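For reference, the structure is listed below as structure tokens.
The first chain written gets the first letter, and so on, giving A, B, C and D; residue counts start at 1 in each chain.
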Amino acid sequence: MSDFDGAAMSRFVSTFADRLHERREELTQLDSAVGDADHGINMDRGFSAARAKLAELGEADLGTMAKTVGMTLISTVGGASGPLYGTFFLRLSTSLGERDAASTGELGAALRAALDGVQQRGKAIADDKTMVDALLPAVEAFDAASGDGIGPALAAAAQAAAAGRERITPLVARKGRASYLGERAMGHPDPGATSTTILFESLRDAVAAD
Amino acid sequence: MSDFDGAAMSRFVSTFADRLHERREELTQLDSAVGDADHGINMDRGFSAARAKLAELGEADLGTMAKTVGMTLISTVGGASGPLYGTFFLRLSTSLGERDAASTGELGAALRAALDGVQQRGKAIADDKTMVDALLPAVEAFDAASGDGIGPALAAAAQAAAAGRERITPLVARKGRASYLGERAMGHPDPGATSTTILFESLRDAVAAD
Amino acid sequence: MKKLINSTDAVVDEALAGMVAAHGDLLRVIEPNVVVRADAPRQGKVGIISGGGSGHEPMHGGFVGMGMLDAACPGAVFTSPVPDQMLAATKAVDGGAGVLHIVKNYTGDVMNFELAAELAQAEGIEVTSVVIADDVAVKDSLYTAGRRGVGGTVLAEKIVGAAAEAGQDLAAVTALAQRVQDNVRSMGMALTSCTVPAAGKPTFELGEDEMEIGIGIHGEPGRERRKLAGADEITEALMGPILDDGGFGSGDDVLAFVNGMGGTPLIELYIVYNKVAAMCAERGIAIARNLVGSYITSLEMAGCSITLLKLDDEMTRLWDAPVHTPALRWGA
Amino acid sequence: MKKLINSTDAVVDEALAGMVAAHGDLLRVIEPNVVVRADAPRQGKVGIISGGGSGHEPMHGGFVGMGMLDAACPGAVFTSPVPDQMLAATKAVDGGAGVLHIVKNYTGDVMNFELAAELAQAEGIEVTSVVIADDVAVKDSLYTAGRRGVGGTVLAEKIVGAAAEAGQDLAAVTALAQRVQDNVRSMGMALTSCTVPAAGKPTFELGEDEMEIGIGIHGEPGRERRKLAGADEITEALMGPILDDGGFGSGDDVLAFVNGMGGTPLIELYIVYNKVAAMCAERGIAIARNLVGSYITSLEMAGCSITLLKLDDEMTRLWDAPVHTPALRWGA
């Protein structure tokens, strides 16, 4: 299995866009229960635009690709997920820079930078019941498994994201709209943690498909 | 069986008020189908007020009693039925005058005057599908049977009112709100013809109860 | 039935009390339930009054104030008021120059206003009446109850109110009201029924994919039930009869009024207005003035109505004149 | 889903087109979907902008015009706008005196406005932001997303808009906006859910005898589901937390704002206002100004919110100052 390159980045974004489109209703439904019923719509709109922009962009280094995705998300999504996922990709971009391919370690550092960006932007910490609770364990699992190579590291990350999402489902939310519900949010999965889980599954599968 | 006196008038209004109250929902339901869903409410409001006013009035001649009812209806009902039923009783009043009791013939003349008043006020003719289609045959049946005495004459009137109401149910309405519906009113009984039928049944039973 | 009410009997009285609490600078309520302009009667000014069943708010009480109505008579929900109210209103606003009754064409309204006018005239007050009958969903015929009075009423009250405020006499404001009536056409539709509080359940039932075209403002069913359509198609279905019947055409100046029925939010009314504007533009009809909002409603019914009024210079000037009422306010 | 729309994707664009068609004298729309006051930028005047998801009409686009907002940024339905919009708005209204962003406190709105402010500042425009967070249904806490911005936003936009119109500088209008925020409290409730067009079904389901207390304006469920109650009891349930949290009491002058959520007719709002007025009177609180109507809505949701603002003389004077926008107009 090779490094993470432009083709992998394209497949990743494209796979994620497909799955968001397929699961648009499910994500919106989760957001109905604890929020404003738009998360699936927002993510679908943003990533279908990002995929189209990437296609327009053609060949480019990883940083430029990630920046294109991040800027597109910020300009098309709105809501909480626009700046958060936008920041995620902009930080990936800064970290990956002009590289055409990233090693497992470099990808891990970029994901870590992305996590930091999301936390700075949204000020959520662990157990606030947000996408951070899928993202943070995913990044840590990736780091822990990165010695085994990119495939296993991404598999571990995806699994950790899903586990994080499950883990926080019983909690009360402290950030995002679900926080308005108080105890009524208990037992409802977080929409953003769900889409972040799909993100890591898409990343895993995009790389594995190589 | 005696003439129509103040006690009979009281029983008549009171019986009619009771039945309107009991059948308030049914009348309103009929008005939902072809109008604005208030006929039962209107009639119940008006006749419960009229009954109370009659009780306040105490002993009085027939004209004063009918006038009290008519004025109360005009002041409390509104809608189409307020002026129409109000006029009905005001014309009864003028015709009955200061009598304490009316013969069968006198009652027949008063009912005829009431019919004329309703037609002048509302400008409806036969087959416009309004209360006139119950009132007009009732008055004619009363006249035709008045030789048999007040009881049989009122029984004939009540039967004719009910038959009139049935007869026009299939028609298109030309007056009242049901006229807005065009052919959609066909097959729906007219609310006002229904309440007029109840009026004659109440009058029949009030006199028979003597 | 889901409503913000306390009891079905108290709806009208409590809403009137709320209006007085909110707009005591503009209006007061006198017995028996008449909303009267705070400074009425005004000597020498023609009094303009209207009235009808409640459930159409802000009409008519919300139009009482400077430059519009001098008094409004709210009946029970969807039930025309009683003559006592119109008589009290007429007396309360008479400043010696006579009183115009603006009456929506419903059998009950017409008869009750007629009785009141007779009583007021008997007391020596000069009264004229103009009946508004602008609803093209109903066939115009001498042999029936005729057309309903709907959206055109709002426009008539504003324009005639301005004329009376400007000092026009009874004959002039009466003729003007009739001119508005002759030049205005409306039609409405419903996505959902409303529920009369005292009835407790919806006046009609509509399937999730159905709508009523040609409804009035009393929850009465429309002329026709159709499959639900898009806003543009609905707008065409309403505008077609309005344009035809009113003979609106190239070179006309109109006032276009898109009205919500009570349960429809403003965002949807603007979508309808967008199509109204496009249809007028295609036909060379200039929308010189417009009004978009819920001004003549049918409780919580979802739906809309469209009204077009062919304007002349005087009507336009009077429309622009200052008005200060709870529901319409400008220039003041 | 029963709505007067053509397609779920076109809702916002067509409604904006309708607004421009209706109110071209007051506003225009520039790319990327920004509603801008017709005469912006005005040299030397502080620009006031706001924005948020669509579905709350007339807020914010309906408040663009003389004496209120210079621009509004409508996002997708219930989705905060993107920074490109606020940046374009900021540039379009900047008259050299800086621009104030009035932001409702939702994570998305705050982050997107923040990004825009950073970009605008990078382009040399002075930008300040005030976050409105007046919803007492949500606990005020540093460790959460904090309170939502609801009805207080309308009042802030009017008052601050008047100050900017009067020539106050950026520091002054910013401080004033903060003063409004510090003195305003709101709470809302729903009788029915709304339906996000793109979602196609109600955001939540409520039984025929249930209501949600403590809802926001995005169809999010409230703090608590209760058995349906009468208007007075509902008003008490909303007023209690507002009065407590805001410390409103005897001798205070307030602006009382009873707001409809989109599907509730005016007659019901007056019933609620009647109780609000009674409760204030009991407590010696003087309602110096009031507003009753649907100004910050949640699509076709039935329900209401109540807002109280403790007024000082300057706020009262600015509230009374002329305003000419599609949705609020007086003195002009």
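We adopt the following convention: contacts are C-beta pairs under 8 Å (C-beta built on N, C-alpha and C of every residue); 3 or more make two chains touch, one makes a residue touch a chain.
Note that the structure is predicted; figures quoted are calculated from it, not measured.
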| item | value |
| --- | --- |
| Separation of subunit B from subunit A in steps, with touching chains one step apart | 3 |
Residual chain clusters - subunit D taken out, nothing else repositioned: A | B, C
| item | value |
| --- | --- |
| Separation of mean Cα positions, subunit D and subunit C [Å, integer] | 29 |
| Whole-Å separation of chain centres (CA-atom averages), subunit A against subunit C | 55 |
| Intercentroid distance (Cα basis), subunit C paired with subunit B, Å | 32 |
| Pairwise touch network: line, ring, star, complete, or other | line |
| In contact (per the touch rule at the top): chain pairs | A-D, B-C, C-D |
| Residue ranges of subunit A touching subunit D (in the complex, touch as defined) | 28, 32-38, 41-42, 45, 74-84, 121-122, 174-177, 179-182, 184 |
| Subunit A contact footprint on subunit D (complex, rising order) | 32, 53, 75-84, 106-108, 111-112, 114-115, 137-139, 143-145, 148, 196, 198-199, 203-204, 216, 218-221, 223-224 |
| Touching residues on subunit C, where the partner in the complex is subunit D | 2-7, 11, 14-19, 21-22, 54-55, 57-58, 62, 191-192, 208, 211, 228, 230-232, 234, 262-274, 277, 287, 290, 292, 294, 297, 299-300, 302-304, 324, 326, 329-332 |
